[in-house]
Each structure stands twice: as C-alpha cells, then as structure tokens.
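See the structures that follow.
Same chain, two partners: chain A is paired with chain B first, then with chain C.
Right, the complex of A and B next:
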C-alpha cells in the first residue's frame, strides 16, 4: 500500500513540475509584449513612454534573462506569490483569482454533482425500459452532440431575450454590490440559473448515455446470467450491475470536479459570468503572463488533486485495485 | 420419477427466420441418474439445458412439456420459473469461472442469493462450511473476492453454491472444458460424490467429451443437429452403439494401445447442416453411410431394447428383420 502511494506521489510531483514549466513557457511564446500592449492604451509622449516602459518591465521582473525569470518564478511560487496582474495592475494575481473562484464553485459544483447523480440514475433506468431508451435517450445524444456555445446562446436568447425571464450577463445585477441580503441572493440565483441549466443539460446527457451502455454491458455479463439462472430477483441483479457500472463513472466525476477551478470557459464567456474561465479569456487577450500562469496553475493543481482522489477512491470502492496492489506492478 | 421431457421443441428467433436448434426431444432422467448429454458443437446440447432452466428470448418454446418430480415446470414463464430455479433445478454454467460478481465478497453473494429463498444465511452457514470442506476449500473463501481465487477454486465455489439448496436436478454445462485432464477427473468425481451425499438427485452432464462421460455417467444421450440420436446406458453406448452417428463418433475416439502413426484416426466426413433451414427428415442422412430413401422422413425416437432408445430407420429395419 505504501509503495503504491509512494510511486503515485512521485509521478504526481514529476507531472506537477513539468506542467508548471510548460505553463510558464507558453505565455512567453506568444508574440507581442504585455507592457507594450498596456502602454499603447494610454496616449503618451515618446519620452514618458520610455520611462514608463522601463519602470513596468522592472516591476514585472521582465528585465532579467529568461533563465533567471524562470528561477525567480519558482522561488516566488514557493513563497505563495504568483506575481502581479498586468491587465489589472497593480492587483496581485492571487487576489484576482480568489475573487473569481467562488463563482466557479457555485456554478459548477451543483451542475456537476446533480447531473452526475441524475444522469446515472436515468441512464440505469433507460437501460431496461425500452420506451425511455427509444424516446429520451436520443434527446440525450443530441444534447451531448450540440456545440455547447450554440446551446448556451440559444438558451440565453430564448429565456433572456424572447421570454425575458432570466438576465443574460453577469453574476448579479449591476445595480447591486455584493452583500448579504435577500435581494442580492435572489439576483445571484437568477443570474446563476441559465449558466447552471446549460451545463447541467449537456452533462446530464453524457452521463446518462455512459451509464446506459455500462448497465447493458453488465446485465449481459456472465455473473448476471448465472444469477438469472438461479432465479435471483431482477432487483438484486440490477443492484450488482449498478454497483459495477458506476465505477468508470466515478473516474469521470472526479476528473470533472478537478477542473472546477478552471471554470467553464465557454459558459462563462457566453453568459459573461465572472469565473476563472472568463478571467482566462481576459488574461489571454491582454497577454497577461502572470494571470494566465496563475489560472493554469490552479487548473494543474485541481486536476492532479482530483486524480489523486480517484486513486484513493478506487482503492476503497473496487476490491480489484486494492488486491492488485500486492501483486506485480504495485 | 424425476425428469420427464416430452416433445420439447425450441427455436432461436433471428432476423433470417427460426434456427431450429432443438426438435421434439423426448426422454427421461430417472431419480439418481447421471445422464451424459453429448454431441458436437452446435448440436443443441446447451439449448436443451438452457431451455430447462432459463428459456428466454431469442429462444422460443415451440411446444413440449417438462415434468420434474411429477410437477410440470412453467419453463416458458420467466417469472413463475423463478421459484423452481436454484431450489428444484439448478445449473453449473459453462462459464463457472466468471460466474461470480467480481466486486462482492463470495460470502455476501451467497447470503444475498439465499435470502430470497427465505433461508437465513446464519442457519445455512454450518452446512455451507461443511460442503466447502468436502470440496477442499477453506472457509476463508467466504471472506474473499472472486479474483483472489484460482479458476478451479471458483468453479468449486460455484458447484457448492449451485447445489446448496439440494435441487432435484442439476445441469452441469461443459464444466470440464477449461480444465486440464487431472482436474477434469477430480471435478467429475466430485459431481458423482454430490449425488452420493444427496446434494443433488439427478444430474445431466453436458459435454462434447465422451471419454469423461464413460467415467461418470450412468447413461448417455447423443444429439445430432438438434435431434436426439440415441440414448442408452453408458456401456451400451460405448460397446454396442446402434445409431450410425454414435458408431462413427465412438470409432473416431483414440484407443489405448493403438499407434495412430500406423492407423490414422478416422473422423466423420462432412459437416453438420445449418439449422436455419435444416434438411427434411433425419439430419444426419447426408453424412450417413447407410442412409436410404426412408431417411427423408424424421425417424421417431423409439425404445428398441429396455432403456435403449434410437432414432434411425435403418436400425428399425434391421431390428424388424431379426
């Protein structure tokens, strides 16, 4: 057991190092210069511009050779410093990200968990109910195959513009400041609903299809046939099948949860929802090295933690993994 | 009394039409009899066994009735049949090594199965342990997952589990086909002991291996292409077979003491017919060396000597002349 987790941990540390290095490299490969972009917004005299440029380049630590920037980056990272945002200068990246994260969690955690729960149960029922399989499942296929931004825009258009029930932008009404009150919470909920529903719908279809296929596979397996030949009630056979079919779904769920901090880029862009996905888009458009790095760092950590959680969860729920650890390849 | 099968006819429904896998099977298995059911692949052995316990689509019951201990089995009714399965008629499946749910402990699987039979697991536990002992398994297996056991151990668990409620008829479907020769013998002897210990009353052993049946079976039923060919005591089938197919089958077995480098093993020329549109009459007639014009009619399965049944026109003719 200890050797198993020791090896896993080593792999995770290596992955983290490589991923963060790539994360540092990629923004710097982009053509252009973030400071230039920033200064070009202000109409300045040539001399003033030169002075300002020198100042900002030093402030962001971009005046030293690349290898030194890289070392400085790791050094700062271990001190919990992700640098200063270029686009939202002079706010620290950590603060910018922390402001966006609650919206992601609020939006994605319920969407992912509820769609997982509902999709799995619906898929399991559809697997053994012919009319449901023939009517509602194709809808699931269509939902999953729909280009997401199109569905998002459609929802925004129908419910936001045509029917005018839901607002189409922001996380709360522009007239309000975030505070604890009924009016603010109501506004928050109203703005939350459409992005939530669009993610829920698409994910629900995906989970339901996966579960349906897994259940059919399990019900056709040898152990199910044996139980049937022994006259076991359907209820028990389905219980066994469901338990086995849910295993791959758990992996999927954990991977989904891992990217929560990444936000749902397209959803957040469509509905102008101020989560990390929206932030990433802004950061890329403004060549904000530090904000891009910061956002992706969160994603890397999230994915790695989720994978580690799956490794642990599998040891608990699937005896085959647990017992396999004592054998070769452990 | 035991098992009485009358005119059992089962087809498989396919898009191209019915596959006529079992035609007019009529035979009986006496109390305490171990009957071997033999024939080549696709001859309908497993169809016969499955239709006795789990007849479900694409299988379709065309006609026939099955009586077990004087009571007619509702084989066409999946739900009503449930109360007979496991308690009165049970099966050791062909895939015994994969027959247990991989994510549940064996003890839990057994407990779940008996609970539906109004049997308390704790009540049956001493008997279960005794039986595990008899098949040389430790009680620890109850606390293990199926993957922790070897293939042979899993098969023995399934043998104990399938017979736990002392069914009157046990179907053993190709239980030796995945085993080496010495394990085959051990498993077969265990099956005979099961009858001795009265865990089961009668057994139908389905196999394509006649030499195994010779060791354990009281009688052998030979099938060809969905039709019954011959049923007789094991000795009669091996020493004095009457159906031409049985004769050719027996003669294509290797014999001890014969060097097959000098005398080539003879097979049966030709291949069995497809059962989607099988030929009329005796389905063996195209490969049969003694076939004649009468063979275009289906020969009845008739007793020609006490306990010796055969379906062959030529045989009836020779018998009548003698």
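Right, the complex of A and C next:
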C-alpha cells in the first residue's frame, strides 16, 4: 500500500508542478499585452497612459526578470494569491473564482456521482435482462455519443422554450438576490435541473455501457464458470462479477474527470450557468489571462483532489492494493 | 491471415447486425459529405436569401438569421468533422501505438518513465490546454485543430496498447524472434503488431469519435477553426444569435444530430467489430 501511494503521490506532485508551470506561461506568452488591453478600454491621454502602464506592470509584477516572476508566482500561489482580474479589475481572481465554485460543486458533484451509480446499476441489470439490454444498449450508445452542448441546447429548447417548464439561463431568477429562503431555493433548483440533466444523461449512457460489457466479460471468466459448475446460486455469482466489474469503472471515473470538466464547461455556456466554465468563456472573450490562469489552476486542483479521493476509494474496494500487489497496474 | 480465416471473418462481419447498422449510418454520412457540395450552389457564408426561413424545397434545411443556407453549412461542416476525426484520431492512435509499444516491449525504466508521463497527461484536463493553445493562435485551421487534439488524446490508447504488448511480449514466438537476433522494431512490427491489428482498429475508432466530440466542444466555445465552417461552429452561431429564443430549430438540430449519429454509429460499429474479432462475444 505504501508503494501504491508513493507512486501516486509522485505522479500527483509532478503533474501539479507541470500544470502550474504551464499555467504560469499563459499570460506571459499569449498574444497581445493584457495591460495594454485593459488600458485601451479607458480613454486616456498618452502621458497618463504611460504612467498607468508603468503602474499596472508593477502591480501585476511584470517588471522583474522571468525567473523571478516564476518564483514569485509559486510564492503567491502558496499564499492563496492568484493576482488581479483584468476584466473585473480590481477584484482579486481568487474572489471571482470563489463566487463561481459553489455553482460548480452544486452542478457537478450530483451529476457525476448519480450518473455513475445509476449507470452502473442499470448496466449490471441490463447485462442479464434481454429486453432491457436490447433497449438500453442503443440508448446508451446514443447518449454517450451526444455532444454535451447539443443535449443542453435540445433540453433548453424543448423544456425551456416549447414547453416553458424550466428557465434556460442563470443560476437563479434575476429578480432574486442569493439568500436563504424557500423562494430562492426553489428558483435555484429550477435553474439547476436542466444543466444537471444534460450532464447526467450523457454520462449515464457511458457508465451503463461500460458496466454491461464488464459484467458480460466477467460472467464468461473462469471463476464464474467454476462457481457455476459447483452449483453456486446465480445471484452470488453475479455479486462476485459485479464486485470485479466495478473496479475498472472506478478507474474509469478517475480517467473521465477531465472529459466531464470539458462537458460541464460547454453546458454552463449553454445555460449561462455562473460556474467556472462560464467564467472561462468570459475570461477568454475579454482576454483576461489572469482569470484564465486562475480558473485553469482551480480545475487542475479539483481534478487532482478528485483523483486522489478515487485512489483512496480504490484501496478500500480492492484488497490487492492493500496487500502490496498492484491491482490496477498503474 | 490465410484466405479461409479471412472469408470466415467476413462472413461473421456480414452476419453482425450491429456492424451492418453502424457502418451503414457512417457510410451514409460519408456519402453525404461527398455528394452534398454538388447539391448546393452556395458557399457556406453566402447570403443567399430571406433570413430565418424554415426548411423549404428551396432551402432544404432553412436559412440562418443572416439568410445563409443551413444545408450548405451542414455538408461543409460534415467534411470538417471527418477531417478532424481522421487526422486527430489517427494521430492520437499513432502516438498511442508508439508510446504503448515502446513502454510495453522495453519494460523496465523506459516503461516506468513513459508510464509516469502518460499518467500526467491523463490527469491534466486536456481541454484546459487546448483552450490555451487555441486562444494563442489567432488564425486556426481544421488541420491545426486536429493536430492539437491528437497530441492530447493519446494517453488512454497508450495505456491500453502497453498492456496488450506486455502480455504478447512473453509469448514463445516473440522469444523465438528475439533469439534469432531480430531487432526490436522488426519484432514489434512483424510479430506483435499483426497480432494486435484488430485491437488497433478498435482503438482508432474510439479515438476518431473522441476527436470529433472534443472538436465540437472547442468549436462551440468559439475556439474552433477561424477560416472554415464546422458543425460545432454552427451550434455556436445558433446559440450566439438567439436561435433558441426565436425557435429556429432547423439551425441547431442538424449539426448536433449529425455528430451524435456519426459518433454513435461508430461506437456501435466498434462493438460489432469486437464481436467479429473475438469469437467468445459472438451471439450465436
């Protein structure tokens, strides 16, 4: 188990280091000058412009040599400082992101976990029920092949425009301010449902198919045949098959997080849902590189933390990793 | 593969419904990609007629809010989709094969290092990197987009191919080749690769589908090709110009539907091929 975690930790540290370095490169090697961009918005005199330019270059810490900037970046990072947003100047990037994070958690956590559980259970049932298999399989393949934004657009159009049941933009009604009340929570839930459903459905298809194929594969394996020959009840064999089949699905969940993040991004764009995905789009459109940098860093940290949580779950579920045999082979 | 085995494979391929259905859908869209441009007289961004028209005999898929022909954009977008799939998916598969073979066959330290590298690329959300690259390049073509997608899509393929190579490496016929003094790449190309051909085909199909979906995502946030039309870009424009609120369903339904049909059909084809290649999975 120590070897397992040691390895994982090494990979995480290297990944984090590499990701932060790439992240640091963003504003420095992007076309255009973010400070110029910001200044060009305010109509200033040429002299005032020069003074302001000097001020902002110092304010953003761009006046020292590159290696110093790099070290400063790490230093600031450990102090929880991600710089100042250009597009929402003078708000700090961390503050802007922190406003968006709760919506991401609200949207992603239920969508990922519920689709995973539901998909696995449906897949396992489908693998042994013919009529369900014949209906679920095509539906599953269609769902998992659907681009997130298109399903989002479709749901928004059908339920938002044609039927008029759900709102299609924002996280809560524009008349309300975030506060704790029944009306606000109801509005929050109503705005949450369609983006949640579009992520859930796409993911559900993928998990259900994966599980169905794994179960069929496991039921064909030697131990299943052996148990069958011994006269073990089918229910018990399936239980064992399920336990074995769930392991690749757990690894799959870890591998898939990056894809889900991308899916969430476009879904948020479709529904103007004020999470990090929507923020990234605005940051790109406004060339706010510091904000892009901050969002990217948050995504990296989120994905790494989720991966780590999955690794721990894996150790609990797969006893081979605990005994020092690398069950996963990674 | 001798002749008898080959005809047997073809027989099972023809008998497999999934393969037949999946392949038919894909071929239909391939045909449409080639025939479509001949059926339209316009360029994708030409202003050809009245704005926001629903489908009619004149404009098969209606017109956009600017009066552009949706059908023309659609068939041109299909072409872009297949290009991204073939180039991006192909490159992803190639890199996966290269890294997977090397890691799996060499083993030891090389394997260890490549494995760590693969895992790192696997964990970093590739879209974030693609976003940055896309925003960095002012002018982007479909080729550049495909290349970048291919460069970030290989890790899982490399991992899967490594595992397969690893298990083939210890077989007797590979030992024999090694004893006879063949060099590493010849062993990989003549002894290991042919035994994995069917598997590599499946990997390519999945990479193709993945590349198409990632391209759609990039195009949708406006980071796709700047000098061409694509299905993702059509959806982007439709949403941007309020097709939803105006109820212009003919503008945003076809592009997404086509992506879903092509990628879904490919996945189904994949399952069908899997059954053809591994007798254990065949439904009798």
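Quick note on the criterion: the second predicted complex is superposed on the first by the 303 of 330 C-alpha atoms of A that agree within 3 Å, B and C clash if a C-alpha of one lies under 4 Å from a C-alpha of the other, contacts with A are read in each partner's own complex, and residues count from 1 in each chain.
The rule is short, and it goes like this: a contact is a pair of C-beta atoms (placed from the backbone, for glycine too) under 8 Å apart; a residue touches a chain by one contact, two chains touch by 3 or more.
From a predicted model like this one, the values you see are computed outputs, not experimental measurements.
When both complexes are superposed on chain A, chain B and chain C fit side by side without a clash. By the touch criterion defined above, A:243 reaches chain B but does not reach chain C. Applying the stated contact rule after C-alpha superposition, one finds that A:222 touches chain B and leaves chain C untouched. More residues of chain A lie in touch with C than with the remaining chain of the pair chain B and chain C.
Contacts of A:3 after superposition: neither chain B nor chain C is touched. By the document's definition of touching, neither partner reaches A:58: not chain B, not chain C.
After overlaying the two complexes on the shared chain, residue contacts for A:95 are found with neither chain B nor chain C. Taking Cα centres throughout, chain A sits at the apex of an angle toward chain B and chain C that amounts to 60 degrees, reported as a multiple of 10.
Contact with chain B, but none with chain C, is seen for A:232 once the two complexes are overlaid on the shared chain.
No C-alpha atom of chain B lies closer than 6 Å to any C-alpha atom of chain C in the overlay. Touching chain A in their complex are the following residues of chain B: 53-54, 56, 81-87, 90-91, 93, 95, 98-105, 112-113, 116, 145, 147-148, 158, 162. Residue ranges on chain C touching chain A, taken from their complex, read 115-116, 119-120, 122-129, 131-132, 135-136, 138, 156, 159, 163, 209, 213-214, 216-217, 220-223, 232, 235, 238-239, 244-245, 247, 249, 252-253, 255-257, 259-264, 266-268, 271, 280-281.
Contact residues on chain A toward chain B in their complex (touch as defined above): 221-223, 225-233, 236, 240, 243-244, 247, 318-320, 323. For chain A in complex with chain C, the touching residues are 10-12, 14-15, 18-19, 22, 26, 29-31, 138, 141-142, 144-151, 153-154, 156-157, 160-162, 168, 216, 220, 255, 257-258, 261-263, 265-266, 269-270, 280-281, 284-285, 292, 296, 299-300, 303-304, 307, 329-330.
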